[in-house]
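Paired with chain B in one complex and with chain C in the other, chain A is shared by the two complexes that follow.
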Partner chain A sequence: MDFSADHFSLFGLPQTFRLDDAGLDKRYREIQAQVHPDRFASAGDTERRLSLQNATRVNEAYQTLKKPLLRAQYLLGLAGHDLDTESNTAMPPEFLMEQMEWREAVAEARLARDLDELEQLHHRVKQRMNSRYEQLANLLDDQRKYAAAADRLRRLMFLEKLLAEIDDAMAALEA
Partner chain B sequence: MAYSEKVLDHYENPRNVGSFGKEEEGVATGMVGAPACGDVMKLQIKVGKDGVIEDAKFKTYGCGSAIASSSLVTEWVKGKTIDQALEIKNTQIAEELALPPVKIHCSILAEDAIKAAVADYKKKHTE
Partner chain C sequence: MELLQIAEPGQSAAPHQHKLAVGIDLGTTNSLVATVRSGLSVVISDELGRPLLPSVVRYLQDDVPAKVGYEAKDAQALDPRNTISSVKRFMGRGLKDIAHRESMPYDFEDSAGMVRVRTVAGSKSPVEVSAEILKTLRERAEASLGGQLVGAVITVPAYFDDAQRQATKDAAKLAGLSVLRLLNEPTAAAIAYGLDNAAEGVYAVYDLGGGTFDISILNLSRGVFEVMSTGGDSALGGDDFDQRIFCWILEAAKLQPLSAEDAHVLLTCAREAKEYLTQHGVAPIRARLNSGEIVDLKLTTEVFTEITRTLVTKTIQPVKKALRDAGLTVDDVKGVVMVGGATRMPQIQRAVGEFFKQEPLNNLDPDKVVALGAAAQANLLAGNRAAGDEWLLLDVIPLSLGLETMGGLVERIIPRNSTIPVARAQEFTTFRDGQTAIAIHVVQGERELVSDCRSLARFELRGIPPMVAGAARIRVTFQVDADGLLSVSARDSTSGAEASVTVKPSYGLSDDEIANMLKDSLAHTKDDAQRRALKEAQVEAQRLIEAVRSALKNDADLLVAEQQSAIETAIAKLQAAMLGEERRDITLAMDAVEVATRDFAARRMDKSIRRAFAGKTVDEIGVISESEDNKHMGEHA
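Up next is the complex of A and B:
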């Protein structure tokens, strides 16, 4: 097995955004069983260290491919498109304004302990994300329009955060 | 992660939170966002006839470092001309707040928010 290969090759999967989830899980368990450090407990230092390295590598690859956001980011990286998410802060003002309004709505609902409202927000954001992820799959796998895909992905990063905030608020109220 | 005392201070007692009325004279708005963490930041400046920033307000949805960075720059820009405000660098913000490397993007966000607000002001006042 080539542990220096890209994440997709490691699991014998095609380099696409649309993913055979069950296939990934199955291959992950198979490989994990082969490289698990427990199997090398009585082996030499070098072998033990190598098995630990490989197990870490496999874990990292799995976590990246499992999450749609990270998978898309990784795919764009393979295609040579760096998202520059740390220092590129320019987003369309209407988009940011909308994000600001969503976040305000979440903060207000949290303050008012309005679980119904939070559930509705969750539902609306989730719907929006689902359709955005479909667009992303289309742009990455079918059209191979990477610049447009990068734009969608940057927007999705905000939506993921928004959804996490909503779920956070719901968990806090239900606790 | 442990926040520095200065970050905690701004986080617990943020300065200048809020918005100006849209119709207020000399108000310009900068909106920026960092995809990496999903933080969104709105910075507003109120500029006098002499080109000096009289007041500033912010609204930030993000982590403690992002809130502290925006709170700090609302204090810093007051009394500066818009061109002086543009000289504020993210490294100064990061240094003042003792931000760890993983939070540098919060200071970049705040610097870019100033730039965006000033650009908005210039756009409105050169037409």
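Up next is the complex of A and C:
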């Protein structure tokens, strides 16, 4: 195993956004079964340290590929588009306006303690995200338009954050 | 071809020799030790055939060894000051962390790091007391197995923080045990159940003990036990159900305020009634009190269910949250494993069954299942399983880890429910010109403010070469190992200065605190956001003041006296606004400072341009002004 390779190579997967989820899970477990510290619990110091490093690396790679947002960001990084360092982060006003409306809806539902409404919002945001991820897959894998993909990804970051807010609101109401 | 075999310590030269390893459930009330015999996990009983060891230690005078277990428990009334029970609650805690300490019979001693108890045998730390229990279990196992142990897996509540885990590990070392792994209790239960039943799919472990509640969601798939999320409410357990019955008795029998002794009698009655109701529809409650009053009541299952309904509901909230953290719904859960004596209550069984829309799994003894799972894990870690017969456990950290940044805010580095081992690095920078040291403060918890999280460790990175604010690059790496223990290292990439600590925290979190911190973090999400905004404004304001002060120091000659005093006045107003709670006031006062310094800034710009033309390029000036816009702490590289 080459632990210095990129995340995709580590799991023997092609560098694409569309992912063989089951394949990733399977490979992850196979690799962890070999490198995990539990396999080296009674080994020497050096082996134990190495195992800790490798298992940590495999966990990081797995988490990155498993989450679509991180996976897309990672893919863009591999293609030389580092989202963190790009300065052009201005979003179109209509997108921002829509985000504000979503957020107000969440705040209202939260104030009204309307769990059903929050569930609805969760569902709608999730649907929106799914179709955006479809577009992203198309831009990354088929058209290889990375600048446009980066733009989509930034929008998805807003939506992921929104979804987390809705989930937090639901948890707060249940508590 | 065996000429020479050199074995590492703890590693046998003969690969197929069975190594003696045990699993230990170090419980609040009782402890157990188990091992794998002929492929089966079994609890090792004492010479009288008793599987449990009461977690009680009695210290004696004159170098007489301490008594542990039943003998100590029986002496509790006789010698309360020297007989220590429930020591698990003190592990990794400071004196102030211990709830109800005034009602405990112990002579506590506050000490750096962890509380201690004064006994006839001297001052004892919780680590030493736990070590007595562990030593007794080790000796029991070695006598039964006929040899020295290579190691042990010791279980801890999933919600134990770094300090509590570290204290547990220290106790094991003190007891002469080599710790193969610290294992989360619900995970241990899942292993026992999963191996026993060749289970596949998503399982929930519902663990209601005497004083704590843990919930874990696991995915079991072809020999891999993957913990997807964990949660809980550590201020909730079987004891709370006793308390409810106790209150009901007071009300139903119309009793006057009780003496401590009578209260103890009724609390025992309440516990007995609770246990009786697991098998019967009605429990008689009879007692004669010291006051002469006679209590004669009947508690029905219906009434018991009614008075404990809110407690049962309270266990379901963390379950919902754990499911959401795992990204799953009730329909994804294939089975619910019940752990802990308190899950014997019928209303718990019913509520869990209703929530998960299925009968909970009760085919393992809820008192023993944790120790049995730990034994299986110990056997695996000791290398006793043949290749192909192996399984793998992937566990998570229960609470988020973070660093303190300016203004008392938490920069979250590793979120809760991250699979371990895990490492995360973050870059930080200096706040002031010429700053040569950075204090690193590590915290654990879900809230946004440092003051609401548990402080784990503080250390300092020194030797940063003096630079302008924001120029240094400090890379801080958090590493959580497979025991859930944290180490932190920091490196200044400009100078190569390095600092590293294995977090040996001064205090642990109380279970209550952990549970409350989680609850609070949800209830205060909005509150936090506002406070965060306020804090950020305060930090920004402080930066502005320091920038202006530094400019005044260097270039005061560019100003006439009135201008300077106008600037000072604006700064004073801003400082006053910073003390208040209104973000808007701060923002307005900052605007005022900027207006007051506009002319000054222009003059300084002229001066620096002149200076630039004298030897530097315009580009460099551009870089300086751009860096003004960078956020200072907690910024990604």
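We adopt the following convention: the second predicted complex is superposed on the first by the 170 of 175 C-alpha atoms of A that agree within 3 Å, B and C clash if a C-alpha of one lies under 4 Å from a C-alpha of the other, contacts with A are read in each partner's own complex, and residues count from 1 in each chain.
We take it that a residue touches a chain if its C-beta (ideal position, glycine included) is under 8 Å from a C-beta of that chain, and two chains touch if they have at least 3 such contacts.
Everything quoted here is computed from the prediction, not taken from an experiment.
Looking at the shared chain after the overlay, A:A33 reaches chain C, while chain B stays out of its contact range.
Residue contacts after overlaying the shared chain place A:E101 against neither chain B nor chain C.
Of the two partner chains, chain B is the only one that A:M91 touches; chain C does not reach it.
Look at A:D82: by the touch rule set out above, it reaches neither chain B nor chain C. In the superposition on chain A, A:G44 contacts chain C only, with no contact to chain B. Once both structures are placed on chain A, no chain A residue is touched by chain B and, in the other complex, by chain C.
Within the complex formed with chain A, the residues of chain C that make contact are 8, 10-11, 19, 150-151, 180-181, 221-224, 226, 317, 320-321, 324, 377, 380-383, 390, 392-394, 418-423, 479, 481-482, 519, 522-523, 525-526, 636-637.
The residues of chain A lying in touch with chain B in their complex are 83, 85-91, 93, 95-97, 99-100, 103, 107, 153-154, 157-158, 160-162, 164-165.
Those residues of chain B whose C-beta lies close enough to touch chain A in the complex are 31-40, 42, 59, 61, 104-105, 108-109, 112-113. By the touch criterion given at the top, residues 25, 29, 32-33, 36-38, 41-44, 52, 55-56, 59-60, 62-63, 84, 110, 167-172, 174-175 of chain A touch chain C in their complex.
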